[in-house]
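Below you'll find a set of structures to go through.
What follows is a pair of complexes built around chain A, which joins chain B in one and chain C in the other.
Right, the complex of A and B next:
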């Protein structure tokens, strides 16, 4: 059965910050990085769940360019308001989590979410 | 798929991080609208974002030109999409150094935002089918990238 944003939402106990997001979108891979150009080079294609502590608008720009499935902010951090607005405009789902980045990635891996295909 | 010839020009303001990424997003939307191959759109989008952010972070302002030359105009089966970035300075002191992965002159403030990984120019070269950079320190930088389209 495919893993969707809804699956992540419930299994990882995430808080959805973009309530209008389509949670039926499939998550095909995970990625964790805070350098934007590095994420662009290695983030992979398609339905990637991206864990990052960056909270500004360019996170949404990168996620949009790569057609990512969602952005997950660890450590209960909040995105900047204009980033949230842009995420709503671009239909990019943003979650925040109590867990840190390491725990989130470990949990996603345990669910069967592997690394993204290299472009 | 055949395409119409097209030329668009976009202005990029220096140091305006609030609007950074808007030009590359516009280019991506336009290419989707005219039906360019998805894989090409992805490579162009990444290269456009990197060159746009370089203009925001490092330049005194500049512009990005997008030009599509359909196959029929050059008498072949392959057309070209050209992305050209020109700025008004300050130019790069050592282009060979700037092309190395991990090398960057970005300030700590910019690095804190996740920029300045030293991957911008290498990412452009990796994603484009042709890549040319010319720079004169004190004058400005021009980057020309070409992408094959069917």
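Right, the complex of A and C next:
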């Protein structure tokens, strides 16, 4: 059975910050990086769940460009308001989590979510 | 004399800046604001500096040529030069060191090159807000080789500020000054012994409403300002 954003939402106990997001979207891989240019070059394409502490609007631009499934902010951090606005405009789901990045990735790996394809 | 300056302004070449940040509009706003020396510092590109210099001089203002370079650590670092020509030569090296992602104007914004009549003459295809492959030290060597000086930008800002990117103020390279953003929380590091610049980092015309700072200079020229920054650099 495919893993969807809904599965991540409930299994990882995430808080959804973009209420209009379609949670039936499939999550095909995971990725973790805080350098936006690095993520742009190595984040893979299509259906990736991206864990990052960056909260800038450009996170959404990079996620859109790579057709990612969602962005997950660890450590209970909030995105900048214009990032949230852009995420709504671009239909990118943003979650925040109590866990840190290491725990989130570990949990996703345990669920069977592998690494993103090298683009 | 106390010279009113603003040393960090983006033109329409920066994707995140408004399209009406044309050379003529920037110079016009700066003149109205009473600024005598302005620095246009686009992200990783110098191509609007020739038009900005002409537009500034037409209104009796002086341009300090600059770029805001993204290091490999994704820190934003201002690089200032004595002449537009030096900045353009340095800019060619920066372009070669930039990553390969192309700009998508819908997502990131337009990257317009303009002439002094505010006419679009080109659009830069590579995404200008991605990072270069240069470390801070490599950037310093490259800037010095073109007679330039480094000032890390908005060091106290969460995104792309030096303190956030590295976690501390590095011992090397040597900086002429540190730019501290007035809108972000005060920097959590010891600023004693550093010269501090406050600039607008304007991305919109209405961010250029007053001089960002007054500097004590022998005369209101780019040469006198660069001399002062060279002295700051040597004191470090």
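List of remarks:
Convention: the second predicted complex is superposed on the first by the 119 of 119 C-alpha atoms of A that agree within 3 Å, B and C clash if a C-alpha of one lies under 4 Å from a C-alpha of the other, contacts with A are read in each partner's own complex, and residues count from 1 in each chain.
Keep this in mind: a contact is a pair of C-beta atoms (placed from the backbone, for glycine too) under 8 Å apart; a residue touches a chain by one contact, two chains touch by 3 or more.
Since this is a predicted model, take the numbers as computed values, not measurements.
In this overlay on chain A, chain B clashes with chain C.
In the overlay built on the shared chain, the residue A:82 is in contact with chain B alone; chain C does not reach it. Between chain B and chain C, B touches the greater number of residues of chain A. Legend: residue contacts after superposition of the two complexes on their common chain; A:65 is shown touching both chain B and chain C.
Residue contacts after overlaying the shared chain place A:45 against chain B, while chain C stays out of touching range. Look at A:54: by the touch rule set out above, it reaches both chain B and chain C. By the touch criterion stated above, A:35 is placed in contact with chain B and with chain C alike. Contacts of A:15 after superposition on the shared chain: neither chain B nor chain C is touched. Shared contact residues of chain A with chain B and chain C: 35-38, 40-41, 54, 56, 58, 61, 64-65, 90. If you check the complex, the residues on chain B that touch chain A are 17-18, 20-22, 24-25, 28, 42, 45-46, 49-50, 53, 113-115, 117-120, 122-123, 126. Interface residues of chain A, counted against chain C in their complex, comprise 35-38, 40-41, 54-56, 58, 61, 64-65, 90. Within the complex formed with chain A, the chain C residues making contact are 70, 73-74, 99-101, 104, 107-108, 127, 129-131, 158-160. Looking at the complex, you find that chain A touches chain B at residues 34-38, 40-41, 45, 52, 54, 56-62, 64-67, 82, 90, 119.
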